[in-house]
Each structure stands twice: as C-alpha cells, then as structure tokens.
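See structure below.
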Amino acid sequence: MKTATIKGGIEFKVERVGGAIETLPVPSKVVLPLKQHKGTACKAVVKKGQEVKVGELIGDGEVPIHATVAGKVTEVTKRFPDIRGGYIPAIGIEVQGDAWDEDGSDLDPTSLSSNQALETIKKAGLVDYNIDAEPLAEKINFAKTKGVKTLVINGVDLEPGVGICKQLLVEKRQEIVGGIKVLKNVLNITNAYLAIESTSAQVQATIEGAVSGVAELVVTSPKYPVGLPKFLVKAITGKEVPSPHGRPEDVGVVVIGLETAISVWDALKTNRPPIDKAITVYGAVNNPKNLRVRIGTPLKHVLEYCGVSAEIGKVIVGGPMMGLAQYSLDIPVTKEVNAIFIQRESELTEISGQKCINCGWCVKVCPMRLLPHIISSYCEVGMFEEAESYNLSYCVECGCCAYVCPAKIPLVHWIKYGKSQIKREER
Amino acid sequence: MFKLLVRLVGVLTGICVVSAFLLTFVREGTKGQIEYQQLKALMAPAVKVVLPPSDNDPIADRVKVTIGTGKKARKITVFPAKKGGKLFALAYTASASGHGGPVEVMVGITVDGKILGVKVVKHSETPGIGTKVTNSKEFMSQFVGKTWNSKIALSNAGGDIQAISGATESSLAVTNAVANAMKIFQVVKQKLESKLG
Amino acid sequence: MDTKRLVKEFTKGLWKEIPPFRFVLGLCPTLACTTTVSDGLGMGLCLTFVLTCSNVFISMLRKIIPDEVRLACFIVVVATFVIIVELVTQAYFYPLYMSLGIFIPLIVVNCIPLGRAEAFASKNSVIYSLADGLGMGLGYTMSLTSLAFFRELLGKGTIWGHHVMWSGFEPLSFLQKAPGAFVCLGLMLGIMNLVGSEK
Amino acid sequence: MEGILGATVYPVLVMGGLAAVFAVMLGVASRVFYVEVDPRIKAVEELLPGANCGGCGYAGCADCAAAIVRGEAPVNACVASPPEVYEKIAKLLGKTVEAKEPQVAHIMCRGTKDKAKIRFRYMGIEDCRAAVLVAGGDKECLYGCLGLGTCVKSCPFGALRMGENGIPVVDRDKCTGCGTCVRVCPRGVPKLIPASQKIVTVCNNHDAPPTVKKICEVGCLGCGICKKVCPEKAIEIVNFLSVVDPSKCNLCGKCIEKCPTGAIQQILPG
Amino acid sequence: MHHEVWHFSDYVMLVVSAIFINNILLARFLGNCPFLGTSKRMDTAFSMACAVTFVLGCTGPITWLIEKYLLIPYDLLYLETLAFILTIAVFVQLVEMVIRKISQPLYRALGIYLPLITTNCAVLGTCFLNIKEKFNFIQTIVFSVASAMGFGLALVIMAGIRERFNFARIPKNFQDTSIGLITAGLIGLSFFAFQGLAK
C-alpha cells in the first residue's frame, strides 16, 4: 500500500455523503442531450412521435446516445439548455417503461480480445466519468499510441462531500476488480494502481485484499484537489504532467475513473449501454443522498426526491469547487454529472470589489504552486502577458484560491478571463 | 571620408581649443580670489586662535616663501600680522606623522621667535583617543612662551611637554610638528621680511 | 523678429513647460540642492546662466556642427559655461560653492541645458534661443526655490536662515534628508497636476 | 611664452589634443560601424525634443522614434512634445485620415432588461468579456448586449456611455470610428457603419424566428418581411438577420413600418 | 580613506558602502532622471542597470587616467569637468556605434539605453567622487562598478514596485511620476537602515 499527497490544497471538514446508493424512480419524461461528452454532438436518428425501447440507439456519432427508457419521442430540438451554459440538440422522451425488453447476455469480459472489448466500449457510448467526460474508446486508443505503461484508477471523490467513489468501493468491489482487469488487458499493461481516499483501516484492508494481484492500492490524504489526474499522477508516480497543456498520457500514465471501470465491466458483461449514473445530491437538501439516476432525468425531479426545503440559491452540477451553476432545472442528469450541490440563497457571495491585501492565503493553498493573487491582479488590469509570465495558463482552476480569499476576490474568474483574453489575442 | 574627418576634427578641436583658451583666462582672473577663499575657509579659524588681533587681514596679506633648495624645496604660506604697518607676528603650518596619518599644526610666533599659540588644522587621529590631544587647549598652552631655540620635546624625551595619558602617540606628533615649525622659523622670518621689503 | 513669439518662448518656461514639474528633467539638483532657499536660488541662477549662454552659443554654432560630433560639441559648450560658473562661485560665493558641492560641475549632465540645446537651440535663431533659455532657467529657479521653501520651512523651521516658526516647533528633519526631498517633490508634482488639470 | 598667454598653452594643447583624438575616433567609427537606418526614424527623431528624458517609456528619443515608425507606439507617444509635433509626425508617416467615408460605431442591440429575457442573475466580474465565460452570459439571447460596459470603459475617446436600460449609447460627435469597441466586445454588438447611414437593423441575433420570438421582444426575427417590402432590394437576410445596404436604401421607410418587432430603426433624421 | 595599504575587508566595505549606505541614487541624488524614466518596467530597468554598469566600469578608470596623467601634471584641474564629460560622451557614442554594428540583439537590449547614460549624472558624479576620495586605480575600478551596481539595485527595486502600481488605485493626479518620487523617497528611507553597517 502506497500513500500519496499533494502540496497546497485544502483539507475540508465536510463529511462525505454516505449511505447505500438508492435508485431514483424513473420520471415521467426524460431528456437526452445529444452531446454528453467532450467532443462534437451526435446526430439524432429518431423522429418526433417514434416509439423507442430501452437501450435503443437514438443519436449516432463518435459517442452514441441510447434511449434510457422505453417511450415515445416527444421532441427533437436543436436548442436545449446545456450544462455548460449554451444550447445543444436534445431528444425528449415520454416514459412508458423503464425495463430492458430482454435479459442481457452474460459474457466473461476477461475472455474478450482487446479489439473486441474496444469495439463494445465504443458502441456502448462509454465515457470516462473521471472529469470532462472524455470518450473512453478514444482515450484508450490515445493511451495506446502514447505507449502508456501505468494505469491509475481514480477512486478519489474530487469534490468535498461527494461520496460516490467511497460508496462504490463498498458496493461494487467485484465489478471494480473485473473492470481493472479488463482495462489492463485492453491497454496491454501490467502496472495498475487504485487510488482511494484514506478511510478506516478496516475498509482499506478489505479493498486491498480484493484488488490484490490486480492493482496496487494507493491511499491519498483527504485533501482537495488530490483527485485531479494531474496531481494523482504526480503523487503516485512522481512524474510531473507537463503544464499547461500536457496530459497524463504524456508521461506514460492513463487515469480512468472508478465508476468508468465499473461501467466497462457491466457493458462488456451484458453487452448493453449504460442507462444510469451514480450521483451524490447534497448541500441544502433535506436528505443528502447517493443516488442511481436514470440518464436524462431532469434536475427538478432529482431535487424533488431529495426534498429541497429552503429557497434555492444555486444548483451546481459537479460540486462547490469546480462545478457549474445551472440556471434551468429542466437540464437533465447526463454522463457528465457526478454530483449535484445545492447552495442556499443566503450562502451566495457577492463580489466585494476589494483589492488584494496580499495575505498570501491563496499562495499557500495553490496546488500548482502559483501566485494566484499576482496572476489575477494582472488579469484585472488587462496585463495578460505579464500574467502569463507568472504562468497564468498553468492554473487548473481548482478554486482553492478563491475559496480561501478573505477579500472575496473572484480569483478563478479573473484567471479564466485572462486565459480567454490571451486566446482571443492569439487569434 | 578625409574631408569629413577634417571637418569633424576641425569643429570639435576648434570648440575645445576656444573653450580651453577662454577658461584659462577666467581661471587666471579668479585664481587669487579662489585661493584666498579656500585659505580663509581652511585657515582663518586657526589663524584667529594663534595670532592676536591685528590691523591687517593675515589671510589676504599671505606670502609664499620657498624653504630649502633643489629637490627638497617646498612652498610655505605665511600669514603675517601687522600693527601700524609693522610686522609683529607671523603664523604658518608644519606637520609630523601621527597615528593615523600626518598631523598639521598652525603655529603663531612673534617676530622675536616666541610661540603665541598652537592649533591643529588637519589630522586623522582616532576619534576619542587622539582627538583628546588635538582638541585639548591645556595641552596646546604648554607650547606658549617657548622660543625658537628652546627644546621642544615630551617629558619622556627630555623636554617639558606633558603628554596626555593614553594618547602619547598623538601628543608626540603634535609636539614634533611644533618642533618642525620652530626649526625653520629663522629662514621663514628672513625670507618673509625680505619679501615684505 | 516677432515680439509675440519672443514673449511666448520666454513665458512658456515659467508655467506651461516649467521644468522640472512639467517634464521631469533635471531632478538631481532639484532634490539635492533644495535644503535651503539660498541653495535652491543659487543653483537655479547658476543653471539659468549656463542654460542661457549655452543656448545662445549653440544657436550660433548650429550650422557648422557636424552630426557625428553634435553631442560632443554641445556638451563641450555647456561644460565651458559650467566651469565658468564653478570658478566664479568659488571665487566670490564660496559658502554657496561649498554647499552645492559636486552639483555645480554636474550641471553639465543636467538634462535641461542639453535637452534645450537639442530640442530648441539647434533649430532656432539666437534671439529665440536666448528667450527660451532665460525663461526655462527662471522657471527652474522658481521650482527649486519653491521646493526649497517648503523643505527649509518645515525641515528646519527657517527661511533664508532666519527662524520663522513658533518656538517649540519641532522641525521635520526628515525633509532635509534625501527621502524627504523625493517625497516633497512627489507631493508638489501631484498638487501641480491637480492645479494644471483644472484648467 | 610668459604671462597669461603662456598659461593658455598647456590647456589648449591638452584639450585640443583630446578633442582631435576623439573626433578622429568618432569620425572613423561612424564610417566603419555605419548601419543603415530607416530615414523616417531619423526624420521623426528630428521632430522629437531629443531630451532623452525617457518619459515615453522608451529608452531615449531615437528608440521612441523607431517605435513610432514601426507602428508600436502611437504618434503622440512623446509626452514632452506639443500637439503640433504629433501632427507633423503623422503627416510624415502618412498616418493622416484618408479621404473616405467616415464611420461611426453603432450598438446593434435594443434588448434592454425589460425587453430581452434573462436566464439568471450574474454575480461575477463587471466586464462583458468575463461575463460570457459564465454559462455564456446572462441573457437568453446569445448575440445581444450584456450591458456591463466593457466598450464604454475601453473607448479611448469617451464616446460611449451606458444608457439607462443597460445598453450603451454612442456619442456620434466624439466617435472616431477607431473600432476599439468592436474589438473588445465579446459578442461583436457594436458595429462600424457609414456615418451617413440612416436606416439600420438594430439587432445582432442570428437565431431562427421562433427562438427570437421567445427570448426578445425587439430582436430581428429574420422573417424577411422587410426584404419583401423594400422597393429598392436594399435588404438582405443574412443568417436570419436583416442587413440594410445604405447605398441602395432610398429612405422610403416601408421596412420600418412593416417590421413586426421594430428591429429596423431610423437612427438619423431625414 | 587614510589607510595606506588596503586589505580585502576594506574593499568589501567600499562595495557595501557604495551599494547600500551611500547609494548613489537614494543617498547622493545622482542619476534621478533615468531612474524615474526607465523604472517603469523590469526588463527596461535591468537593461539600463547593465548598461550603466558597463559604461561606468570603463569610464571610471579612463577618467582617472586622464586626471592622473594629463590634468594633474599640467595643472589643469579646473578643466576636469570639460575633459571628463567629453570623454564620457565620446565613449558612450563609440560603444553605441560598435554595439549597433556587431550585435542587433545586444543593441536592442543594451545599446538603446546608452544615449541616456551621457546625461546620467550618476556616471559623471562617480568619476568626480573617484577623484575626490583620492582613490587609486584599483579602488577606482571597484568603486565605479559598485556604484553602478547600487544604481542598478535601486532601479530594479523601483521597477519591481512600479510594476505593482498597476494593481493599486492611485489618485489620478499622483499617478506615474508623482507616486514614483514618493516611492523613491520611501525606498531611500529604508536604505537609511544600512547606515548602521558603517562604523
């Protein structure tokens, strides 16, 4: 067993949401955006009024989209609110049934060849749930061309409070082990790590026993943002992922999410695309929960189930640190969603407009070891070249600096602004 | 190329030559006055101490005399004090090496060769130790009344000048400087009188 | 000869382009020679003399000086007048010479005579150059004297060596030191900008 | 060689010698180390005061002149020169305003807070360019003015001010048509139009008509009615947005009459 | 400097004194115009510091030689100013020509600051100080370079602070030069602390 940690970062005193993963009842209507991954949108292959079955292909493209319920297509729109704020094409389905028509096959995924497995992964529309929802098949192919030697399964819940990985490690140990075996097979490598956040010694021992012979267990300190691939790679292998645009694959490591490994196992075993997603719903809700949600379920439905009592300030998809605030509760849970965090109205912070007081707290917590206050100050006065000379583009936007800032300066916003302006100037 | 060079050299040299020529005249015109100002700033306080009041301005009436011959020749500025147009005392400086460097003293002497007063004008003795001597009025008053032919030495060298304890080296330097001044008194006086006519 | 222009060239140095406030030039003496009003006035007048004379001579010589040695020639002319000032002050204003010290010879590298030589005298006729030099010089003198006024009044409690502040006034001796000079000039500059911007 | 004239011999010889040596060195060096320079740099340098004050932020007047000629520094970079010098430099470099139809900026959006729908309350930095980073801006319309005044702040001539309803207003007298506002706006809402153009479609939205209907009361639907009614065929529909060609427009005003949302506006009398 | 024989520690003390205690900019008021002009950006300041160090490192000894072998033997001390500034001006112009020819990058980095140095009183001032302090040849070299380094240090410190001015809300009238001067004053004040280093 290895241990790993990062410099900087924040140790949150927030308990991770525990409890078994409940299955959320299927809503009366689901919306399936035709883009639930990093890349270009799919093309709808169904028409309004058409009947679809569970698992039927409804959007074709680099990552195909499948119906997650049985029912009637009520709309095929080009302009549906996206999690990222723009508009994307989406398909609305009125739910008539939620079960598979026939039983899935019961294959032995470990017996599949690398190419067969990849083919299935691609067809099932799997994405890496880790971050950014990268298309998994593409990611594996890329890793192979880079000659990756090490696989890291990221079982660390990135955002404070999110309890999905922690719970999956208890509930889905078999699938995890199977998934790791398959991924190792597909990638044709022998070296694998399973990174988890430190928990009770007993739990750690159980997991270590389960994965022994398949992957080495790495226990990380409970610090945010150790779950970001860049920091995991550094903490486990000691290799520095080149900034600003480097990827773990550049140093021979591929990082894949824990839930992704499970979904790979399930997809190969049953030869079915995934139709649900495990998420944590927490913050200002009556019952913070780990939920298994049918993909396409509107946020409104999820929130109603968990009981939102106080007036909602912000609904944030992802988590409080790096998540995206949503303006519409019609937006559905997609493959990109790991958690929903609800902030109370009273918890919202207004920008103070105060100047930096040079307290240095942001410097202390920055995991990239940057000088956030200087970078953001330069961005504020429009001196982007100077900001870049302090490595503006290295920032991973983890939000630690803005979280600790006593002057309530929106450091990450300034930094994002600076990055966008530099891109604009380059054009 | 050659033409340009001639023009460059011509103009720059011309301006420089004219400038140097002009400045020499200004310099010659102000030379005496500048020297007077410098000496006044430097020597007037000492002259005031070592010479009694006189009718004339000893600084303005200063006379330069040459001591020694050949390589050893050096110029000494002498400040004469007159009463009713008649020379009655003179002052000049002499030096001897001390602890930190040369010590220069101004000595005021009557025409008969009797010391009227002594004052240190330049020294680099250790502050707090050597300066006990250079600032001491009692020490200096020991010289008053000595004549050009009396023995001027510290008590441990057979003289009657009491050194200031803890600062023997500086005491010695001042004493030597005064002795040096008295050694050349006769020559200085003669040359001065011949120059004053 | 245009009298109106002559007046304009003369008066611009007194307010509109007053050095060192308007262009931040000739700062070293401005800071170093303003501990007392007499120093400031003395320095200003020395500079005025050098500036006027060098302006006149450079204007006269402007057609015969080749470009390659332009700077060298200008600087020789300026240096000549600086040395004259140096010798004269030494002979007749010895205390002033002693308190201005190294800054009298340093007039030669003051940006004002050289700058005016380049910018004005080398392009204009003698009479305008004279007016320009005189105006700029007097403007500079005014600046120095006013700065020295505040530094002496507040830093020493005296004006022209006479005590003018009430007894018990504790002088801000900080103003007599180098940092005080910087701060004082900075504040005056800011206040000048304030006055200037209102117009 | 006696007396005062004698005293001048050494100074004259020494200084004259020094000067002669230096002059030869400079003369030779100026030929041996001759470097071709842009004659315009020299010419601009002549115009500058030559005080080498460094006030412009460049190292001396020669450097400043070079920067002006290269176009890195504005014509008025020198802080120590009067405006006449700027004009002379501009003339020298041919940077005078050419004799072409002057342009002015116009804000192509009328979607004030009461007319255009808002998706959420924006709580970030007061700058449009930063605001578009947060879910693409707070308006439903992805083409309209965000109203945080980035163009107002960046206008070098103070020709823009923020109107009461959160849409900037151009002061046409002050606007020089420099295009700074066009460049800084993340959505390209300000556009340069000929100063004489009187009828303009004041909208920037390229969405299809049903979408526009939903999100803005005053946006151009791209319905094409204006195109149909225009007797001079001066109106084109480009990607669901009507564009008026001022060279064909005869100011009949039919398009303004018929426009269902009032997006086409007469901005100048006559 | 009354020691006849100089030990290594004396040279160290000379360097420390020139850089910190009697900093040429902040304590002696020399070289203020380029100080304020070139301290707006760090890279400009650094280049200027390098250029000054190079020029002073050369002209210090050259002027010392001129003093010793031309001016003193012929009793021409009153022409010191003229001879020194002529030497500096010509030297700077020569170096500029040479650098421009042999290396464009070096010229862009250093050469363009050379014209500013002629009018930099820090250079001429240090040459005068070498003579005034009766330094020998080695001491002259050490003192010249150390003084220039002191100049560079102050310049770089100032540039570092001025880069941060961009973040500060400075009243409009005090922006740029005005606040620059006040800052220079405060830096100078902090340099006072080094006076404890000397006996």
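In this document, chain identifiers A, B, C, D and E correspond to the written order of the chains, with residue numbering beginning at 1 in each.
The rule is short, and it goes like this: contacts are C-beta pairs under 8 Å (C-beta built on N, C-alpha and C of every residue); 3 or more make two chains touch, one makes a residue touch a chain.
Small disclaimer: the values here were computed from a predicted structure and weren't measured.
*Asks:* When you check each chain against chain D and chain E, which touch both of them?
*Replies:* A, B, C
*Asks:* Going by the contact definition up top, give me the pair of chains with the most C-beta pairs touching.
*Replies:* Here the largest contact count links C-E.
*Asks:* Grab the C-alpha centre of each chain and report whichever is closest to the global C-alpha centre.
*Replies:* E
*Asks:* Determine, using the mean of C-alpha atoms as each chain's centre, which chain is farthest from chain C.
*Replies:* Of all chains, A has its centre farthest from that of chain C.
*Asks:* If you average the CA coordinates per chain, which chain's centre is most distant from that of chain E?
*Replies:* It is A.
*Asks:* Please work out the Cα centroid separation of chain A and chain E, and write it as a whole number of Å.
*Replies:* Centre-to-centre distance between chain A and chain E: 59 Å.
*Asks:* Compute the distance, rounded to whole Å, between the mean C-alpha positions of chain A and chain B.
*Replies:* Taking the mean C-alpha position of each chain, the two centres sit 93 Å apart.
*Asks:* How far is the middle of chain C from the middle of chain D, if each middle is the mean of its Cα atoms, in Å?
*Replies:* So the centre of chain C lies 40 Å away from the centre of chain D.
*Asks:* Chain B to chain D: how many Å between their CA centres?
*Replies:* About 75 Å, centre to centre.
*Asks:* Using the touch rule from the top of the page, what residues of chain E touch 2 or more other chains?
*Replies:* Touching at least two other chains: 33, 36-37, 78-79, 82, 86, 90, 93, 119.
*Asks:* Could you pull out the residues of chain C that touch at least 2 other chains?
*Replies:* Residues 24-25, 68-69, 72, 76, 79-80, 83, 87, 111, 114-115.
*Asks:* Send over the residues of chain A in touch with two or more other chains.
*Replies:* Not one residue in chain A touches at least two other chains.
*Asks:* Which of the chains are touching one another, listed as pairs?
*Replies:* A-D, A-E, B-C, B-D, B-E, C-D, C-E, D-E
*Asks:* Hey, which residues of chain B end up touching chain E in the complex?
*Replies:* 16, 19-20, 23, 27, 100-101, 124
*Asks:* Within their complex, state which residues of chain E touch chain A.
*Replies:* So the residues of chain E in touch with chain A come to 163, 166-169.
*Asks:* Note which residues of chain D are touching chain C in the complex, please.
*Replies:* Touch list, chain D to chain C: 19, 22-23, 26-27, 30, 49-53, 55, 79-80.
*Asks:* If we count contacts the way the header does, which residues on chain A are in touch with chain E in the complex?
*Replies:* 355-356, 377-378, 380-381, 383, 386
*Asks:* Name, in rising order, each residue of chain B that touches chain D in their complex.
*Replies:* Per the touch definition, chain B meets chain D at residues 1, 4-5, 8-9, 11-13, 15-17, 19-21, 23-25, 28.
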